[in-house]
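As written, the chain order gives the labels A, B and C, with residue 1 at the start of each chain.
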Amino acid sequence: MAAGGLSLSALTAAVSERAGGKLAARIEGDAGRRVQSVATLSAATGAQLSFLANPRYRGEALASGAGAIALAPAEAAALRDAARSDAVLVVVDQPYAWFALATQLLHPAAAAATGIDVAAHVAAGALVDGSASVGPGACIGAGARVGAGAVIGAGAVLGAGAVLGDESWLHPNAVVLDHCEIGARCIVHSGAVIGADGFGFAPFEGRWIKIPQVGRVVIEDDVEIGANTTVDRGTMGDTRIERGAKLDNQIQIAHNCVIGAYTVIAGCVGIAGSARIGAHCQIGGAAMIAGHLTIADGCAISPGTLVAASIDQPGQYTGYFPMMPHRDWERSAAIIRQLEELRRRVRELEAAQRRATP
Amino acid sequence: MAAGGLSLSALTAAVSERAGGKLAARIEGDAGRRVQSVATLSAATGAQLSFLANPRYRGEALASGAGAIALAPAEAAALRDAARSDAVLVVVDQPYAWFALATQLLHPAAAAATGIDVAAHVAAGALVDGSASVGPGACIGAGARVGAGAVIGAGAVLGAGAVLGDESWLHPNAVVLDHCEIGARCIVHSGAVIGADGFGFAPFEGRWIKIPQVGRVVIEDDVEIGANTTVDRGTMGDTRIERGAKLDNQIQIAHNCVIGAYTVIAGCVGIAGSARIGAHCQIGGAAMIAGHLTIADGCAISPGTLVAASIDQPGQYTGYFPMMPHRDWERSAAIIRQLEELRRRVRELEAAQRRATP
Amino acid sequence: MAAGGLSLSALTAAVSERAGGKLAARIEGDAGRRVQSVATLSAATGAQLSFLANPRYRGEALASGAGAIALAPAEAAALRDAARSDAVLVVVDQPYAWFALATQLLHPAAAAATGIDVAAHVAAGALVDGSASVGPGACIGAGARVGAGAVIGAGAVLGAGAVLGDESWLHPNAVVLDHCEIGARCIVHSGAVIGADGFGFAPFEGRWIKIPQVGRVVIEDDVEIGANTTVDRGTMGDTRIERGAKLDNQIQIAHNCVIGAYTVIAGCVGIAGSARIGAHCQIGGAAMIAGHLTIADGCAISPGTLVAASIDQPGQYTGYFPMMPHRDWERSAAIIRQLEELRRRVRELEAAQRRATP
């Protein structure tokens, strides 16, 4: 961040530039006011920027001590009518996207020390760009390539022949195994494991013969992989995460899956082998997706839902047991065990009724 | 452990001291008998201590070869009546708590070598107390602080500006990222990741703009964090785990959650962003809790339950599908897909009945 | 792999030798054809081996460019009738098991450099076999033992007094904690944590007293443990994974569980404390198994199923909510909350009918 923060006029110009000329904002109030950081509406003070994207927080906006608030035109009008005058209003059609870029400008990632730490372990034959950063304890295998501006944190591992693209980050103790490829501008968080063996065994005489997993993981540009998430290498052929997909923590992606571009997957999701998830999908937390199926572009899967068959139409799909006080659940669960009996009784009543009313 | 173990009289005195004068125990039998370690009722031998807290294991207590058994007064009477005479009985109102402290005394944690291992990597400007222990391969960032008696295991990472309180442990390969704070007497198990980025993106023209996560994780005193559990840093403001909370393995705590004091969370639980869990709650394994909701103090959530809305009354709440033989489940599931149809048929029967009996 | 690959006659002989003289295959076509690697039916080219184990892929086999295809006699006949002539057919009763062994022969694991890397950290008193490989950044504790041909990857940790058996692998950043034992020919994938403390606390005056976990984890021969899977040490006594069991990624095995021989557990499964899973079971992804119960040998648990009570008969057991379009689910869920009311109405209809038809 520029020392002393940025004036709102400078910030709006910089955001618009990052957005390719879009996200133009109109400033209502002192465009020269400087902001230094971001905060929530309730916590923000005069040198801080906040945002209002959901009308239910309008009350918090009215009471906020923020120096500036980004918000949509309709909300700006509402605040103006309420004679709210302390905050400068940054009026923009998509305030949440605008705020995200403004936060990037006000809170740039801490610059990593350029170069290879003396306590890093780089195998002979690895190619590390001179502008990359490799932390202490990090290990880079033979034949690996690390792109310009890439950052490898303490204790992270990049296997033999693996590739980390330009400006991508491996956070501390993340692991990318041999021959896997990570694109540009990706983020792999701590504890994530990219390229462990897929789970493949052939039964033989009561035991299991391991099937070597000879494929790779290929992660395209602009992908984020959460902490302790695992993405297994393909059995034959690759597991692929397409550009712009975002994966939260504690996710399991099995061998030979394809995760479509710009799809977002919340925490604790599991996706079994060879599933193909479309582009622009949203998978809720702890959803579980069976293997060898296809989910169409643009699907939303609710949290906690088990997807056991392909979905070929966009839409929202749900399947979890509704929560109840425990005693109610016990009764509900008992009836569910006897639903067939209940249906039979209804059928008998219907038959009796038909006999009674000829 | 004292060489040769401890006599039961010394052990009961030491437990009571640890319990602040509470947990006074009465010894029935030879108070000078020495015990060296703990074991289950079925495995224990004469130099071992065991416990009986659940009457269903009374038979095992009667058959046990343990040198001493901690148990409640009522159980002691039952054992006495059965002429059980080999074991010394340690009679105490709360035998499980007594046994926990006795185990701590008989099995103290292996002392870690004091000081910084020559193969550890400590950045300039980090403050490591002289009584702390830092293992080989561990990395401590600039400006980090490590308290008295704290232990950082092999390969663990403490980020720049992060704090590890007195007598707290980071087990091997655990990660605490920049500027997060861990209180005193905490335990962070291997593979846990504290302070990775929360999952926050703003949609913009079909892609996702990352919202920098500028908050921290703050973990208060006496908290335990299980292996491979993840606790994300706040977007703005902090994610907080309050004092005395205990988290098992493979848990995901998203950005800006608050976990109340003394709450226990079993393995594989996921808690989405900005959820506030009360104090003294018990969250069962694999429960999933949606974001932006509140759970009252003293709630129990059953395993496998999805909590989709706030809970404002203490109590036990449940919601999982009861298990059945697969064929029964197939029929049950088919009827559940047609529950609305079943209800309609009941309504028609009721209407017909009303017409028939005017 | 032998340079230039292997001829099919050499390959079939080698597979049969690995299988103890079983899996004899008959070659239809040029037994001298050389194959260098494996690929799927759709991707394979002339120097590659593929397989057909499921009749639904027969069309892909007919169109495949593979140099050789392993398949069962019945499928071979079908392909022959279709005048498929390019691929040499390897006809064998169990083509999937044959193919698994053939893949092992064509794709042997990359040989790790024998010896201890100069950047590894081996405590005094650890015994590392001269044929073992220890990577950079790996840490081996005092008194640990590493068997012949074992491989410890970059950044992996083997605790004090722990044992890694002959030809077993710890992949990068895997952790095996103090005094745990891993048998021969095991694979522990990256990020797995073996031997963290079990989750045991005694309640006392509103807080939780930690119960030291003084048992171990014992993993028998030929076990595979997936990436980021956790297996906790026993409270007293051991947690045990019996020979030949295979565990996928992101699994949680709590203290004092026993996982039976040759049981396979898919990703994201959680198993609570002291559960005993039989031999030759198959546990589907994200299934959750409560503690202190027993599952009989040969059970199959469907994905997403919560097992809350013991199972004493082999069979398949299921319990997950079927997925629906969200609007349908909302209606279904509402009725499930009122199932008791629905059953009452059926009872009233039945009573009315009995009154009407004496």
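Heads up, the rule we're going with is that a contact is a pair of C-beta atoms (placed from the backbone, for glycine too) under 8 Å apart; a residue touches a chain by one contact, two chains touch by 3 or more.
Note that the structure is predicted; figures quoted are calculated from it, not measured.
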Fraction-based call for subunit C against subunit A, same above half, different below: different
Superposition of subunit A upon subunit B: rotation angle, C-alpha, nearest 5 degrees: 120
Mean-CA-position distance for subunit C and subunit A (Å): 27
Where subunit C touches two or more other chains at once, by residue number: 137, 155, 173, 191, 228, 250, 268, 286, 320-322, 324, 336, 342, 346, 349, 353, 356
For the subunit B and subunit C complex, residues of the former touching the latter: 19, 22-23, 37-40, 43, 94, 96-97, 99-101, 103-104, 107-110, 117, 119, 135-137, 153-155, 171-173, 187, 189-191, 222, 224, 226-228, 244, 246, 248-250, 262, 264, 266-268, 280, 285-286, 303-304, 320-326, 329-330, 333, 336-337, 339-340, 342-343, 346, 349-350, 353, 356-357
For the subunit C and subunit B complex, residues of the former touching the latter: 121, 137, 139, 141, 155, 157, 159-160, 173, 175, 177-178, 191, 193, 196-197, 199, 201-212, 214, 228, 230, 232, 236-237, 250, 252, 254, 268, 270, 272, 286, 288, 290, 300, 302, 305-308, 315-322, 324, 328, 331-332, 335-336, 342, 345-346, 349, 352-353, 356
